[in-house]
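Paired with chain B in one complex and with chain C in the other, chain A is shared by the two complexes that follow.
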Partner chain A sequence: MTSSESGLGVGASLRRKEDARFLNGQGRYVGDITRPGMLEVAFLRSPVAHARLRSVTKPAGAESKVFTIDDFPGVGTIRANSALPGFRISEQPVLAKDKLRHVGETIAACVADSRAAAEDLAALCELDYETLPAVFDMRTATLPETALVHDHWSMNAFLETRRDDDVSGLDAIAAAKVTRTLKTSRQSMAPLEGRGVLAEWDSRLEQMIVTTSTQMPHVTKSGLADCLGLDEGQVRIISPDVGGGFGYKGILLPEEVVCASLARRLGRPVRWIEDRFEQLSASANCREHHYILTAWADKDGKLLGAECEAIVDAGAYSSYPFGACLEAAQIGSILPGPYVLPLLRCHTVSACTNKPPILPYRGVARTGVCYAMETTLDALARKLGITAEAIRLVNLVPPEAMPHRNLVGKVFDSGDYPESLRRAVKAIDIPAVRKRQAAGETVGVGFATFCEQGAHGTSVYHAWGIPFVPGYEQSHVRLSPDGVLEVRVGVHSHGQGMETTLSQVANEVLGIHPSKVRVVHGDTALTPYSTGTWGSRAGVMAGGAVAEACRQLSVRIAAIGAALLQVSKDDVVVEDGKVRRKDTDSSVSIADVARTWYRAPQNLPRDVDKGGLEITAGYRPDPDTGTHSYAAHAVIARVDTDTGEVVLEDYVIVEDGGKLLNPMIVDGQVLGGLAQGIGTALYEEMPYDEMGQPLAGTLADYLLPGSSDVPDARLEHMETLSPWTTFGQKGIGESGAIGPPGAIINAINDALASIGAEVMDLPATPERVLAAIHLAKSGKQ
Partner chain B sequence: MKPAAFEYARPKDWSDALQLVADGARPGTGTQSLGPLLNLRLAQPETIADLRHLPDYAGVTVAGDVLRIGAGTTHAAIEDGIVPGRVGAIMAAVARRIAYRPVRNRGTIGGSLAHADPAADWVAVLPALGGTAIALGPKGERRIPLAGFVLGIFETALAEGELLRAVEVPVLPESARWGHWKFCRKVGEFSKATACLLRVEDAAPRAVLAALDGPPLVIEDARALVADPTGEAARVVGEVEGLTPWRSAVAQAALRHAVEAAT
Partner chain C sequence: MSRISISLTVNGETKEVQTEPREHLADLLRGTLLLTGTHIGCEHGVCGACTIEIDGVPARSCITYAGACDGATVRTIEGFDDDDVMAALREAFAREHALQCGYCTPGMLVAARDVVLRLPDADEARVREEMAGNLCRCTGYRGIVRAVLSVLAERKKGA
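And then the complex of A and B:
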């Protein structure tokens, strides 16, 4: 019997082990952890977007409780450089010095016994600054007359990239050409738990112990050690339960550096817990793209080429470790999407503005790029008089071309892209929509198809030259004397259910019951180094590493088991938690093997592997250019032409993530991503005024979709194995958040086609939708 | 996002409460609006007088053809049917769509009305029901028509030192027809336009248009609106100053829908 047949291994929809504590309120987050003598920190933050900072006056009598950068002369700046040519380097002070570059930038840290008292201190500080013109619009950021965010730069751009295929001949041969100007709004990622940091200096270990809500504890450790001037061994990062990451916690925070510095200096534990106002006003940091996209097609809709002028608002600094260019510089390489695109001319700018530094939000650049490409494709289809399905089917990479290297050099591993769309078309009731449209209803159907590169490794990231390049992912496995397996991984699980899926992987290889597998993560002292959880990589990388470590362990288990069974190790197999003779049913349990190693070593064979029952193994797929999961989204949307309100009536997602380690968990991830994608499409927007002030300070102003705003989506899965990974699994964690804006706006535009209206900017608020309708109607008159 | 320090006072009776307010205390009930203002430090009162424990502050009494609803009655109690009869049914349906149940569990009808957020539900609905606010001041009770109670954003007809003690609304016949429509970007959000229409036999229909960044617009005689909802809605909304095209469109839709719902 294989483990899959037992219903516990890879592919089983096991209920999540971690839910017992989450659902019973037993999770433990930074905010739940206190220490004797702990001080709370409140940050004095910049009230303005751009200014020269002249002085900070500490409150009289409380000077010893307020700290500016001058109090930490040995602390370095945060730098995330890129090896890409032309990259301009920013230095982010952990507390502002000389200049203020975005609203919410940290200026001073105030400590007190309670957060309220610390906020009192912050309110009493006096700032003297000279306001400078705010760089609030990425479209004008690079103009010569615009003020410079970093005085020594020649223009407000971290980086420009170009790809220069010759598209000049396409006008002559194309049957259709469309150009669309599209904009996505700045968003603020909104995990349920915000950031939080508890720092304490252990004088015995001479170690800085920082408990922080992070997705990547080891990278934070390296970055923090660098900033503090400590050996890496002098920094331990503990990432306890984390209430959602999404990229918001894939960063070395100035607050982490400051809290650690304070703990060292004061000799007391200090804690900072981000509140929702800080999250919204100081950290609206993602998704703001601007596109001018032109596409040419022949009469059948087959793409002949595309030209793209793209700007991404990267904010004021290059965040550690992903940097300021991860989104813009990727646009050129992900614009072809899942399609065969023969020619691409693309210019991108990572604009530097007086806004919080950009972070890669779930889906990273793909959500914006997919939105731009998918809406432009539909515009082409409308112009050619063909359907949205038809233009996609004629352009999608066909299954017989797999593995496929596209024009920008991305290699798609496997899949039947057109089939995912055909299934989505079948699952959504297009005839009913057309009938209602004929009766005058403003209802529409929209599609988006895309693929998502995940778990891409060394070969991709070394070219970027960012502060870390992911290599071999490692897992440490240890069989305990009682037969319980400890699995240690350097990735972090914060909603992905890895405590369950990785125990399923161990079960798949060793047959040990998942309840007897303990997955340890979230502590740099206990786990092997890892770049952490990001880029839809953990299922492939940590899954592969755990499988490899278990496989190596099974060889050692087999040798000991065979000795106990008094046969050659070639005559036994390890399965179902036992070492079994191949020829008979006689067996010993893995627990017996463990007991022998630890407690009855006199029974071990002479040639036993002296490494015992602990193994650290590394894993990297070959090739490591990444898996490509893919999906087709289909949605029916109804538009109220009186108010501009959009109601999503039906939503279908057909996904292919290869082998799903736990299908139920993947469903949860896809649905969660969908909710976030709906937020991007219809709700979420952090507006900035011309002074660079963020205008949404509470969740009453910054709208997130609620449970009643997310339709009961129907999910279908295809299962095309990746030829490159352990079980054929593909990275799929971000997928759900990529497709919705494109699909939803296409549905809206389909609904409004009879009026001739088209929505261009995200989110498609009722106000924007109604404006588009009014514009179309006034144009007709 | 922690409030600045303040004194918490719990008045034992109404004269105690009036004294606290006279001394500068800010009255608080469910604190569903005041709480966020405190946390954001937009409000920094020295003292908050918690009115919730005052005698007769919550609850409903019926006297002849008038319902008296204590200002401290929670939205949840109204949702759950504490107000009897046709008015109760109307108010329960309104209460059910105020924010979310946890907000309704604490938020009160009087607190919401006295806070006078133009987008709040009772600010729109109570003038349509045509009742009276009962204010209590140092000189005793004062009656203020609900149609003129909210004067502007966070501005009411309550005088300095007065507290809102109750609202009185007339009992409605079962045959009374009611239309209420509001536009929220999502469930539980503040309305961007609210309209109500009340039709009682042998009386002119009465309408209210609210959530317009100002006081509610009360149309005492809404016969024209009922006769020509589209034209009259356009005319009424057209006279409201400062609306963006979208707000104007949504306000017109609100009036039309309210009429439709009440027929």
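And then the complex of A and C:
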């Protein structure tokens, strides 16, 4: 019996091993962990977006409990540079020095026995500063008269990129040309658990132990050691249960550096727990894009070329490790999407503003790019008088072209992109929508098709020159004396169910029951180095590494088992948790093999591998240009033209993530991404006033989708294997969040087509929908 | 800061505890009584992560002053071990993949149990409306809604 047949290995919808502790309230998040003598930290944060900081006056009598940057002379700044030519370097002080560059920037750390008492201290500090004009609009950030965020720069841009295909001849030959100006809003990723840091200095080990809510413990370790001037062996990062990441926890935090510095200086554990106001005001840090996109097509809708002027609001600093230009610099390469695009002219700017530093949020630049491309495609289709399905089908990369290298050098590994759309078209009731439209209802159908590069590695990232480049992913596996398999990985699971999925991978190779597999993650002292969980990489990379480590371990297990069975190792197989003779049913269990190695070594063969029953193995797909999962989203939306309210009546996703390691968990990832994408499309927005003040300070103002806002989506899967990965799996964790804005706005615009109205900016709030309707009606008069 | 003494019955045990007038019940439960299964998500009563039972009714512990709870009976996620409805919900949540990071889960379960007991005839739309006061950032709600509906259906069959 193979593992797949047993229903426990790769491809099984196994229930999650991690559920029990969460269902019983026994999860352990940073905020649940305390230490004797622990102090709590509250940060004094900048009340203004842009100012020259003259002085901080500590409260009289409490000077020893308040710390500014002057109290930490040896602590470095946070830098995340890019090797891309023209990149301007920002130095982010962990506590502000001389200048304040965004609301919420850390200025001083106040310590007390309770958070409330620490907040009291922060409230008693006095700030003296000279307010400067705030750079709050990325569209004017780079104009010469705009104030400079970093005084020594020549303009407020981290980076500009250009691709200069000649599109000047397209006007003459195109049957249609459209230009759309589109904007997405600044968002907060808003995991339900915020950030949190508990730092303690172990004087025996001379080691800084930082328990922190992070997606990438090893990268945090490297960055923290660098800032603190410690060697890496002196920093241990523990990332316990983490209440959602989505990119929000893929960063080295100024707060981590400060808490670690405080713990060392005070000789006591210190903890900081981010509250929701801090998160919304100091860290609304993603998704804000602006596009002017022009596309040309022939009479059938076939794309002839595109021209894009894009700006991304990258905020005030370049965050470690991904940097300030990860989104904007990618726009040119992901704009072609899943389509055959012959020509592209593209200019991007990573604008520097007085807002929180940008972080890549689930989908990274793709959500904005897909939104711009998909809405522009629909505008082209309307102009040509063809359907939204037709214009996509004629442009999608066909299956016979796979693997396909597109004009910007992206390599699509496998799949039938048009088929995903055909299935979505079939699954959604377009005729019913057309009938209702004919009867005068403002209801519409919208589509988005896209692909998502995941698990891309060295060959992609080295060219970007970010502070780390992912290489081989490693896993350490160890059979313990009782036959339980420990699997150690450097990625982190914070909702993705990897404690389950990676147990299934081990089961697939060794046949050990998943309940006898312990996946260890979230501690740099216990796990191999890894760049962590980001970029839809863990299933491919850690999955591949665990499989490879188990495969190598199975060779050693087979050798010992064969000796116990008194046959040659060529005459046995490892399966179902046993070493079995091929010719008979006689077998020894893997647990017997483990007992022999640890407790009865007198029975080992003389030529046994002295490495024993633990192995570290590495894995990287070849080529490592990334897997491409892809999907077609189809949605029916009803628009109330009196209130501007949008109701999503039906939602279909046809997704291809290659081999699904655990289909239940993959569905969960897609559905969770969908809800976040609906938030981007309809609800979530952090507005800023012209002083650079964020205007949504609670979850009553910053609207996250609730259960009544999300439809009961229907998922269909195609499973085209990736030719380059261990089981054919593809990275798929971010996919669900990419398509919704494009599909939903297309549905809204289809509903409003009879009025001639078109929504351009996200989110499509009632106010924006009504404004679009009003504009169309007043234009007609 | 002045301290006040209150008496609380928490998960069946009566306790005398000290609190500050400004301390909310979630902080008291987590910090003083070490019941960390109650989570804090927004401290404005919006997200529902801190939902517990006070005198048999679901309540937001993050906007409830501990000092106002003198004499109250409180039940947190740690106090439902003998409860059949909670056991059914836990089973259904695991089966329907109604949780990912687990942070919203305790509050979600307390709210769901209330819906199951109060609205035996609730359909999907009603369950979605009733559960809208508890935010989940991971699952997209489908598993949660299906889990609640499945427990409602089981109870109908059993009744």
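Criterion: the second predicted complex is superposed on the first by the 781 of 781 C-alpha atoms of A that agree within 3 Å, B and C clash if a C-alpha of one lies under 4 Å from a C-alpha of the other, contacts with A are read in each partner's own complex, and residues count from 1 in each chain.
As a working rule, a residue touches a chain if its C-beta (ideal position, glycine included) is under 8 Å from a C-beta of that chain, and two chains touch if they have at least 3 such contacts.
Owing to the predicted nature of the structure, the values given are computational and were not obtained by experimental measurement.
K.L.:
State whether A:Leu674 touches chain B only (first), chain C only (second), both chains, or neither.
P.N.:
second
K.L.:
Looking at A:Val445, would you say it contacts chain B, chain C, both, or neither? Reply first, second, both or neither.
P.N.:
Neither: A:Val445 stays clear of chain B and chain C.
K.L.:
Chain B or chain C: which reaches more residues on chain A?
P.N.:
Of chain B and chain C, C contacts more residues of chain A.
K.L.:
Of the partners chain B and chain C, which touch A:Leu770 in the superposed model: first, second, both, neither?
P.N.:
Touch partner of A:Leu770: chain B, not chain C.
K.L.:
Once the structures are superposed on A, label A:Glu119 by its partner contacts, choosing first (chain B), second (chain C), both or neither.
P.N.:
After superposition on chain A, A:Glu119 lies in contact with chain B alone.
K.L.:
In the superposed arrangement, does A:Tyr683 touch chain B (first), chain C (second), both or neither?
P.N.:
Only chain B; A:Tyr683 stays clear of chain C.
K.L.:
Just to be sure I read the superposition right, which of the two partners does A:Leu44 touch: chain B = first, chain C = second, or both, or neither?
P.N.:
A:Leu44 sits against neither chain B nor chain C.
K.L.:
For A:Leu564, using the defined touch cut-off, is the partner it touches chain B, chain C, both, or neither? Pick first, second, both or neither.
P.N.:
A:Leu564: touches no partner chain.
K.L.:
Considering only the touch criterion stated at the top, classify A:Arg16 as touching first (chain B), second (chain C), both, or neither.
P.N.:
Only chain C is touched by A:Arg16; chain B is not.
K.L.:
Name the contact category of A:Asp642: first (chain B only), second (chain C only), both, or neither.
P.N.:
first
K.L.:
Residues of chain A that sit at the chain B interface in one complex and at the chain C interface in the other, please.
P.N.:
116, 275-277, 698, 700, 706, 708-709
K.L.:
Quick check on the complex: what are the chain A residues that touch chain C?
P.N.:
15-16, 18-29, 31-32, 116-117, 190-193, 241-246, 275-277, 494-497, 664-665, 667-668, 671-676, 698-700, 704, 706-710, 712-713, 736
K.L.:
List the residues on chain B that touch chain A in their complex, please.
P.N.:
Residue positions touching the partner: 1-5, 36, 40-41, 183, 185-190, 244-246, 249-250, 252-253, 256.
K.L.:
Quick check on the complex: what are the chain C residues that touch chain A?
P.N.:
Going by the criterion above, the answer is residues 1, 20, 22-23, 30, 35-44, 46-47, 49, 76-78, 90, 93-95, 97, 99-106, 109, 124-125, 127-129, 131-145.
K.L.:
Contact residues on chain A for chain B in the complex?
P.N.:
Touch residues, chain A against chain B: 114-116, 119-120, 123, 275-278, 640, 642-645, 683, 697-698, 700, 703, 705-706, 708-709, 765-767, 770-771, 774.
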